[in-house]
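As structure tokens, here come the structures.
One chain, chain A, links the two complexes that follow: it is found with chain B in the first and with chain C in the second.
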Partner chain A sequence: MSTETDVPEIRLISGVRKRTDMLFRGAMTVGALASLVILALIAGFLLFRGFQIFADFGLGFLTSSTWDSGDVNDPTTARFGIAAMLVGSVLIATIAVVVAVPFAMSAALFIEYYAPRAVRTVLTSVLDLIAAVPSVIWGIWGYSVLMPDAEGWAKTLHSWLGWFPLFDVPAPIFGRSPFIAGLLLAMMILPIVTSVAREVYGQAPRDHVDAAYALGGTRWGALRTVVIPFGRSGLVGGAMLGLGRALGETVAVFLVLNLVFDVNFKILASAGGNVASLIASRFGEASPYELKGLMAAGLVLFLVTLLVNAAATAVVKRAKVAV
Partner chain B sequence: MSTAVIESVTPAPRRPWRQPRKVALETTILVVASVVFARFLEAATGLAGVLGLYVGFAVALPVLAIVSVVRKGRNATIDRFATSVLVVAFGVVCIPWISVISTVVRNGSRAFYSGYLTTDMLITGVDDPLNTGGLAHALVGSVLVVLIASFIAVPLGIVAAIYIVEVKGRFAGFVRFLTQAMSGVPSIVAGLFVYATIVIFFGGFSAWAGASALVVLMLPTVARTSEEVLKLVSDDLRAASYALGATQARTTFSVVLPTVFSGLITAAVLGVARVAGETAPLLLTTSYFVKTSTNLNEPIATMPIYIFSSLGIGTENSIARAWGGSLVLLAAVLILFLIARIASNRLSRK
Partner chain C sequence: MDQPTSNEPTNVDTGEVVKPVIDAPAAPVEDRTRRRARNLEVGSAKGLEAVGVHAWFGNHHALADVSLHFPENTVTGLIGPSGCGKSTFLRLLNRMHEFIPRSAMAGEVLFEGRDIYGPGVSPTEIRRRIGMVFQKPNPFPAMNIGENVVAGPKLARLRVEDRDALVEECLVRAGLWKEVKDRLDAPAGSLSGGQQQRLCIARSLALRPDVLLLDEPCSALDPGSTLRVEETIVQLSETMTIVIVTHNMQQAARVSDYCAFFLSDGGPGRLIEADLTSNMFSNPSDERTANYVQGRFG
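Moving on, here comes the complex of A and B:
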């Protein structure tokens, strides 16, 4: 006895992709390369608009500190150079990273190895949330809450360490200094550095940690000998990511920094430089020629941050952490 | 012949992983003593307020920690000292977070009255009393600009993720590198770029220009999160779909994407949260307008610019308005985050 069943049509299996798939893959490839197109357009257009500046001032654009838009009708009287701004950007970002890294490291170790499991989950979410607090809110907070306090800290620092050139000030004014901007940026980059550090520390080989305990080591002993050395390169990568963020931050720095076109290493003095803030502050009233100068400054900032970020990505990748 | 009597001994259950009660007691005493010490220090020196109290605590805790275990030897002392330093440092990290949120809530609520969310600033000056005017214009503008940006950035980001995870094309590594590089583009540079192209070509500030600048900043976040999400789909599911004779396009659109739909929502929401508060690019692209407007070809008000410009005026009432805007913005970001978290929890339960 036999019953008849529906037998599906015999299907050929082949390794050749169908036309729909070729189309699909092609479309996805084109779409995915959008980021390449955008990055290329950014570099291309900023270069295109700012090219005249590079042609007119050459390397002087990077080495001089004068920013003078000159006579509106006579572009030849204008002088543009971003040395002071560039030095200021690097100085402030460095302060931010130097302040943030030890705290990020401690917080990461605390979250990963001391906090109870439930607390750890909550803290991880809180880290993500704080990382999303808009920079304008950090700016308004930095301006009205942090700055009055930080001026006092700067005074104390100056009275104890004023003999050291870095902490010297030409006049006893401590507001709107690179020190305060750096502190604010440190707080802003803390979440990202901490979450990278936490992730690397969490991947430290569990059996090595257990072995350290089994040998009679204390918790700190295990952290010092296993976890911290394991996470070193990841921490460096996280710090560099933070550096990239700090270099490009605009509004918050703009609100707590006094822009002065002079190369200045006195971090407590009320005078600093910042490329991003320069663009934000001069943009509104810039002449067409000055706008070109700002475009050129933007290109320099873009290339510097791209470089720092690429390096950071490479380092973090070596630590095998998805950022 | 002798018989050995084997006594069976049942060992009492021990829980070596549990902290003995003594340790917990010691910790409590240590913390309480440090707080008391900090209080004295605050009274004795010029330190003032909560921050001064914390400084005292930060000094007292490590010192008392050393004193409390020094008799147990060097290793125990170092361990407890390190622990107390980590705790203190973690506290320092949390202080600005608490301060930011509490100040925004405290100062921001001052600007609120019944019509704050529904009135604009067309007939009100920034310095006018706080029971007039509001931020409806900025709210509408922000929603519009961010929506347009999402319509472009979310599909592009998901496509990039599909390319990396599903197509696994030749440039997969390169595309991932590019998205990472893009996430580091300073926001002001994105604004400057859009100014150099769209604003100059089309002759003026507009919502479109602002949205384009936000796309640059949103795309990497969406792409990276979607990539993580797509990786969660098990290969069995794909194999099953192929075995039924489906093409790769069909598999992706009918099997993979629906499976992780809530994860993709998370990716989109995180992208929105990332750009909702961006100020610098909008300064260069949308400018500001005091009227509630839905005209996308004109300058339009947005939340960050509302905050920034009110702060810039610098009078008491305008600064209060800036805080009010900050409160609304912060609440919006918080809500977006909660949505993202709920969506991703739903995904992980599947």
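Moving on, here comes the complex of A and C:
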């Protein structure tokens, strides 16, 4: 009698894979990897083309606000820095999210919990349609329809809250401000934020909603007690997805914003910055060296949006797991 | 409630004076079973009463012509095989039925002599006075134990004079106080299933309802927790009217004063008969009831 049992070696499980299966598997893998490869290629391209700027200006590229292409034949006279643009991008995107989230939240709650079936279908498709409007159309509409009105709102806001630095202006000109660009972006990101909010609110557990009703809660009571707390992190994720979109939006902002190379936190003033608009406005007539500067700016924008989107995805995912 | 005095024994949980046995009404349990079955008949003014109630889901006629009276401070068990409409009937009693899309009803549900589906009746007010506990324990996950108990008054925007006292009172009545008194700020999800269900009962009690509807409250619980919940139900029935849906015949026999047997013959569910629980189990008037309570089908 042996005291130790014989443990057999773990065997390899093998089998024949059919050729068609292998082929199909290969095709699917290529498709799946393509997006990753494209992402890597874009990052690589921007890094390759813009690298010299980081080498020449270092951190100053991020902290200074001068944008001077200098003498075309003498690159040493050029000065590039995107601090004002970066601050402007974040400022405008933040305004957009702050304005859009309350609307998206109420739209989502209305669609999920108040609207009759027919209205619900119509609203959902209208929101999808808004998402499909090209951004240049938004820009033209924003410039010719929104801006004249929004200037009036900005004036009112300034007269009431002008004592607060954020709403102060150096001169009484209210057009082409970060405020107006932010409003326009808010409308543009409304569909994506609403759709994420709708998804998480729709997943609120029915038995908890029932519990709130059974305690004599009104519909608003049930939403306040169960649905809104349940969807909180999902809503944050949706807002961040919107932020990512707003940071990268180019044409619409370009049409309604007065680009000024000074860091400006006064949102009503007719002076703002935006990395994407900078690239769009300079790209056509840039010298080879300035082009490198624009590529570097593009890389910074690319990384910031990538980071925001990744964070948003993580938050939304965690919200779903928490169910 | 009596104020405790120094020389009288008091209940540890409630601070309530424990009266000497000699003062207690003689054999209260005997009294309950001696109640007359005619209490169940339609036409009594007190308590809760369904008159000719029907229910539909879309075109599906789920429940037909149910008339049933729930006398004050009694426990009525609704029994019958799955799909016989007993849960539907229960949800009709506090207007939870209308939350199901495309649902409809006919007939009247009288509460203190007034039709709860009548004009000028606030459904939220009705649900406050006729509480409900569900099959699956559903404490609010974002709240701790104490917050769950007072969630009802908070939802109703009622002022709570002494929150701690209310929390304690409800948890005591639900038979949960001893187990949770030291961790009222722990999340409700940290409790066991049976404890969560008793927390849900405590949550319903915080609104001081006159009627409590329980929809298979023990079907997700282990036998030990089931026993605790049943004890709770029997205790509560001294001060409130209770209607309980159950699939468990022993449970119906243990906790209920009256039983109502529902059955669907392929069409809408109907009330076959209702009587004292003891009669239903020993001497039912309908053969189908006898077959069901003896476990021959369902």
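Everything below uses one rule, namely that the second predicted complex is superposed on the first by the 305 of 323 C-alpha atoms of A that agree within 3 Å, B and C clash if a C-alpha of one lies under 4 Å from a C-alpha of the other, contacts with A are read in each partner's own complex, and residues count from 1 in each chain.
Keep this in mind: contacts are C-beta pairs under 8 Å (C-beta built on N, C-alpha and C of every residue); 3 or more make two chains touch, one makes a residue touch a chain.
Keep in mind the model is a prediction, meaning the values are calculated, not measured.
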Chain B or chain C, by number of chain A residues touched | B
Given the touch rule stated above, what does A:Phe283 touch, chain B (first), chain C (second), both, or neither?
-> first
Touch check for A:Leu36: first (chain B), second (chain C), both, or neither?
-> first
Which partner does A:Gly221 contact after superposing on A: first (chain B), second (chain C), both, neither?
-> both
First, second, both or neither for A:Ala212, with chain B first and chain C second | second
Thinking of the overlay built on chain A, is A:Phe230 touched by chain B (first), by chain C (second), by both, or by neither?
-> second
Just which bits of chain A does chain B share with chain C as contact spots?
-> 218, 221
Residues of chain B that touch chain A when the two form their complex = 51, 75-76, 78-79, 82-83, 85-87, 89-90, 92-93, 96-97, 99-100, 103-104, 107, 155-156, 159-160, 162-164, 166-167, 169, 171, 174-175, 177-190, 192-193, 196-197, 215-216, 219-220, 223, 228, 245, 247-250, 252, 273-274, 276-280, 283-284, 304, 307-308, 311, 319, 322-323, 326, 329-330, 333-334, 337, 341
Within the complex, which stretch of chain A touches chain C?
-> 205, 207-208, 210-218, 221-222, 225-226, 229-230
Provide the residue numbers of chain A that touch chain B in the complex, in ascending order.
-> 11, 17-18, 20-21, 23-25, 27-29, 31-36, 38-39, 41-42, 45-46, 48-49, 102-104, 106-107, 109-111, 114, 125-126, 128-130, 132-141, 143-146, 149, 187, 190, 194, 218-221, 223-224, 241, 244-245, 247-251, 255, 276, 279-280, 283, 294-295, 298, 301-302, 305-306, 308-310, 312-313, 322-323
Listed in rising order, chain C residues that touch chain A in their complex are 94, 96, 99, 124-128, 131-132, 134, 136, 138-142, 151-152, 154-156, 200, 203-204, 207
